[in-house]
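As written, the chains take the letters A, B, C, D and E, and residue 1 is the first residue of each chain.
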């Protein structure tokens, strides 16, 4: 009975995901697309759990269901003041077939490439090196020790994204619409401490179990979006967005400092001395989480935040 | 560099010192709960609890105080009403003819104008047959789908329980 | 596990098709997100099939998720400004210096 | 273990619950209907994750559920304060939400 | 199987029909307000029963309390969310069905 039920589970999940993906990319109504995509993210989290990847499920829950959902919904709110987009009504079959053929070719090539991968993977190699990593969770170990260079580049990408967004101009007004209900500030007030606790908790978990800087940062960033929608006043004011700039670049700066100091003491780039690995990773985790939270929050604002928040509603 | 102190003051200056002990205890309890009672987690827990208690982006005003005896009498009522609400709505959904008698009622506030009204407005969304659809300074408008007299008596009882729970006075001037 | 590889392929096809064939920037952006989800799914499924569980693809997918959200954010900011139809208010306006 | 069998069946039923609810996303008609369908999926998904967390006794899944529970308010709040107000301008009230949708 | 496991499983099973009835209401009820009624009530009792059942089954106080916390968070989210949607709907002039 159990195998039958788990097959049913997989099939249902796969069917729902495919249907939602189709709706997200081809529905006539734009709002339906966005909602389908949000639900798609929710079900992807279930798929990650099924594939024994709780790390990714956590990140998907925080980034996919939280930040991306908020990004898309508020972009939708800003888009609809413009003339409505035309739905994909004209469907030319030759074009569709050509596109599908192209997609299938790419897929086949990628599949062939994946097939050539060495079969056992790197699980044994990682397990062998874990004692030296300074943490107990293999994924955190890989992210912040063995492949720290990737992580540096990744926070770099996020920073670059925010720089690009800021270069487009100031945050469109209204930054936050008038509070529609007195229930919103109450909600934000009640949930904000939970967001803070959950962020610290995920950081703590990250050292020995699924969790870590990305998930923690994403949860805090989503919390920031929630409280600003609930009418909180942001603290980060000041000329030239001074505090913003410091916090946004904190993660990259710390990682670069760590990397450079390892070269200075004669190790290779990003090769921490074994004794200090735990401490270095701790610092990197905290700074990376703060930066990621701020970067995601800044990305939500769609532009450079004002130096003072005066002049925006309710502040 | 003169702006840094004001920046810090801005972050922590929104919490009244009088509220701190209660908050610290509450969040320490929540931390204990989230971590599943792990004693090794307190090195992370101490800054987390302090941060949650001190750093608040909202202007400092502790909206509610909860009275323990009030909570003890509130909880059974809450559970009973929730179950009744769920059974009621399940019956309507399963019934072949979907018996729904929608109506909008104005329910004048007896609670004072602070956070407690929002609490009641949210609470009744989980209670049998009621949904708060408008909040004004004088009353709230309730969308009901069942027997209105029974709903009104339920609302009055919930309001009384809420007043006890949050230590708020009720006044009958309407 | 074969099912999940098939699912990844299906999502890849839908995403690819949407990226090229659907109209409207926002829908194309969603298609891009679906496409990246498909690739992540294939990664994690392959990682799941090896024994012991291979943590490197998991780490790479986490990185990929962050890159995807960055791309989405930048693209949305651009789409908003493209669609804003020239109105100063919605395009964003410098605050007056005081 | 018999209880695990029961739980797997429950998980499948809950997933089926989500799949059936997708109809509301397809039919709408108001965007609010779609939004609250999404809210319902979050509840069912949290239930699924919690059942899996307890039956496989993996605390990591519990954290996933915790994050979901924390963030489930975010989508509704963004929707109400951001998307809905701009989606379609207020129109003369309709008498029936279901039959004469757009 | 011990008595507590039976009790826990029974509660979990008891929670499922409430979730299903919420979905049924979502599909069958005629307008946003009535659907909100069905969802807010059905889903929360359903999830609550499942959480309590799982808590009894897990046999650990901390796990049970954490489940309870998750339930309370969902309660807050869905009660507030239902209210927000309902009030915005009325403010936007969406007329309740049957009135």
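Methods note: a residue touches a chain if its C-beta (ideal position, glycine included) is under 8 Å from a C-beta of that chain, and two chains touch if they have at least 3 such contacts.
All of these numbers come straight from a predicted model, not from anything done at the bench.
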For this session: Leaving chain A out, group the remaining chains by who still touches whom.
Result: B, D, E | C
Exercise. Which pair wins on C-beta contacts, B-E or D-E?
Worked result: D-E
Exercise. Between chain D and chain E, what's the gap in Å when you average each chain's C-alpha atoms?
Worked result: 11
Problem set entry | Geometric centre distance via CA averages, chain D-chain B, whole Å | 22
Problem set entry | Distance between chain centroids, defined by C-alpha means - chain A, chain D (Å) | 21
Exercise. Where the centres are mean C-alpha positions, what is the separation of chain B from chain C, in Å?
Worked result: 37
Exercise. What parts of chain E, by residue number, touch at least two of the other chains?
Worked result: 22, 30, 36, 44, 46, 63, 66, 69, 73, 76, 78, 80, 82-84, 87-89, 91, 97
Exercise. Which parts of chain B, given as residue numbers and ranges, touch two or more other chains?
Worked result: 30, 34, 36, 121-122, 135
Exercise. What parts of chain A, by residue number, touch at least two of the other chains?
Worked result: 34, 55, 76, 78, 81, 180-181, 183-184, 186-187, 191, 194, 198, 201
Seminar exercise, completed: chain D contacts chain E in the complex at 2-3, 6-7, 10, 13-14, 17, 20-21, 23-24, 30, 32-33, 35-37, 39-40, 42-44, 46-47, 50-51, 54, 57, 62, 65-66, 69-70, 72-73, 76-77, 79-80, 84-85, 90-98
Exercise. Which of the residues in chain C end up touching chain A in this complex?
Worked result: 3-4, 6-7, 9-27, 30-31, 33-34, 37, 40-42, 44-48, 50-63, 65-67, 69-74, 76-81, 83-85, 87, 89-95
For this session: Over in the complex, which chain A residues touch chain D? Could you list them?
Result: 1-2, 5-6, 8-9, 12-13, 15-16, 19-20, 23, 29, 31-32, 34-36, 38-39, 42-43, 45-46, 49, 54-55, 57-58, 61-62, 65-66, 69-70, 73-74, 76-78, 80-81, 176-177, 179-181, 184, 187, 191, 194-195, 198, 201-202, 205, 209-211, 215, 219, 222-223, 225-226, 229-230
For this session: Mind listing the chain A positions that touch chain B in their complex?
Result: 181-183, 185-186, 188-189, 192-194, 196-201, 203-204, 227-228, 231-239, 242-243
Problem set entry | Residue ranges of chain A touching chain E (in the complex, touch as defined) | 180-181, 183-184, 186-187, 190-191, 194
